[in-house]
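Following this line, the structures themselves.
In the two complexes below, chain A is the common chain; its partner is chain B in one and chain C in the other.
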Partner chain A sequence: MRQFLTETLDQLTRADGVRGALLVAAEDGLVIAEAAMDGVEAAPVAALAASLAGRLLKVAETAGQAPPALIHLEATEGGLFIAIGESGLLLVAVTTADANAGEVRLALLDGAGRLS
Partner chain B sequence: MRSIEPWVEDPVRTFLAESAARVVLLMTSAGQVVAQHGFTRSMDVMSAAALGAGIVASTEEIGRVLGDSGLGSQAHQGRRQGIVLAPFMTPLGRWIALVVYGPETSLGLVQLFLDRMVTDLRVAAPEPQLARPVLAEDFERDLNASLRALFGR
Partner chain C sequence: MTDPIETWTAELSADPDSLVFLQLGEALRRRRLLDGALAVARGGAQRYPELADAHDLLARILSDRGEGDAAFDAWTMALRLKPEMVGALKGIGFLCYRMGDFVHALRQLEAAAALVPDDPTIGVAIARVKARLEEQASGLPADPFLGTEGWHGATMLLDARGRRLAGSLLSPDGDDRSDAIAAQLTGVSREASRAAILLDLGYWQSIQVEGRSAQLVLTEPAKETVLVIQRPADTPVGRLPLIADRAGAMARRWLERMA
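Let's look at the complex of A and B:
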């Protein structure tokens, strides 16, 4: 199991512009596994990403919409991608500002699909 | 929030605002209450402080028996709320934070902002002063002042 998680995260970090990848427990915002978090602290990213995902899921529910499969937060110096898995897991990628968003999305959704 | 050390109030308020925790209790490792938010009865505060200090002491003793003196914070996850009990060092000695949180936040967020509060407390802490001799008249006055500060009586 551990090796499977590591492989999934390693595959994600091979996408252009991905600085690090995390597997996070959605309910408590704790890190389950991480890969290549270059200069980024994993625990704060996990806690804040889980909080953001939880709030956006509530927004979607309140609006009567289907839950989002992927969240993309774009900032001036980088990006945060969160794929919401079916088993209470979040797959999170921290990227540079010039990352290929399409490639990261595909890699995240592929990884989240394998985790479900 | 009520405290007997005014300099702890800003870090604790920031922690409460950012973590969305419901209750926070700061105490010394001996169980003496330094600050509290969220308790309404003085008996609850004193019980929680005594139990929290006892749990931390017991955990550390288990760690010592097992040859691991580095056991840190502990978390208890209930159905409706969770509890984090975290010992930490300050310039004034070893303190313990007891935090109760609900489903509106998460363990990860509470731990994240708890770490920041500890850093803020270390920065805000005054220089330790030499211990004064405990006199009977001072003891009663200091005790009453602390009770008033913590419970508004």
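Let's look at the complex of A and C:
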């Protein structure tokens, strides 16, 4: 299992512009696994990702919509991607501003699908 | 316990003439399995072109998929076959409301209320439409996103404290969820700012949320405000920032007029 998680994260970090990737427990925001966190502390990223995902899951429910699959926080110098797996896990990537957003998005959705 | 969808699917497969497609299509719609629901409803409407319920089902599914024009046509067909069909009157009323055509929305809903005067949901809908008509009559631009197809009921501006400023967000069933969603988004821009700063990402610009039934975009068009835009799931992802930019410009103009 550990090797599978590491492979999933490693694959994600191979996408252009990914500074780091981690796997987070959605319920409590704890880090389960991480890879190549370039200048980024994993624990705060995990907590922020879980908080944001939790809030937006509630919003989707209130809106009468299906749960979200992917969240992308876009900022001037980079981005935070969060894929929500059905298994209660979040696959998270921190990217640079020039990252290939399309590639990161697909890699995350693919990874989250394999985790479910 | 057997899943009724499996049972009805088997029934329909064994007997393609079965009317069970009505239950199956509705069950799939409720589970947001809209592609499957659409295929079932289309098959049923082709097999039973004179059955108003088949067109009503098709219209509900098309409406959920954000295909307003096609839903309107299907409900119109249902009403041609069965003029007293309350669901179709409500459906067309909802579509008119979503388009910002409150006069026609009211006409449809009042026709429905005449058929079922005790239905409280119609009374609530009529009150909501009348309120919008009054806003229009007063000359106040209550909804800066009015009149743009697909935006009314799917675009909302709120303040940083989770209070709705303008626009609205409706559920797929047409329920107004604006205030509840606004409350849940209290402080979201602060949270996004904090995340961006902590991760050394600069200033946050937007949050895009992709779901199986809808996509959501959050932006901050002006200080201390959040714009929420909801679009059907099949909207190309790359188009969302463009829609958000346009909605943001409309929101800023509206805020300037209100100041």
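Odds and ends about this structure:
By definition in this document, the second predicted complex is superposed on the first by the 116 of 116 C-alpha atoms of A that agree within 3 Å, B and C clash if a C-alpha of one lies under 4 Å from a C-alpha of the other, contacts with A are read in each partner's own complex, and residues count from 1 in each chain.
In this text, contacts are C-beta pairs under 8 Å (C-beta built on N, C-alpha and C of every residue); 3 or more make two chains touch, one makes a residue touch a chain.
A quick note: this is a predicted structure, and the numbers were derived from the prediction, not measured.
Once both complexes are superposed on chain A, the partners chain B and chain C fit side by side without clashing.
More residues of chain A lie in touch with C than with the remaining chain of the pair chain B and chain C. Contacts of A:Asp28 after superposition on the shared chain: chain B is touched, whereas chain C is not. Looking at the shared chain after the overlay, A:Gly85 reaches neither chain B nor chain C. With both structures placed on the common chain, the touch criterion links A:Gly39 to chain C but leaves chain B unconnected.
Within the superposed three-chain model, A:Ala50 lies in touch with chain B and out of touch with chain C [touch as defined at top]. Residue contacts after overlaying the shared chain place A:Leu73 against chain C, while chain B stays out of touching range. By the touch criterion defined above, A:Gly111 lies against neither chain B nor chain C after alignment on the C-alpha atoms of chain A. Aligning both complexes on chain A leaves chain B and chain C separated at their closest CA atoms by 10 Å. Taken together, the two complexes place residues 44, 48, 51 of chain A in contact with chain B and also with chain C.
Contact residues of chain A toward chain C in the complex are 39-40, 44-45, 48, 51-52, 55-56, 58-60, 62-80, 94, 97, 105.
Every residue of chain B that touches chain A in the complex is listed here, in rising order: 77, 105-109, 111-112. Touching chain A in their complex are the following residues of chain C: 32, 169, 171-173, 175, 177, 180-181, 184-185, 188, 191-192, 194-196, 198-214, 216, 230, 237, 241. The touching residues of chain A, counted against chain B in their complex, run 24-25, 27-30, 43-44, 46-48, 50-51, 54.
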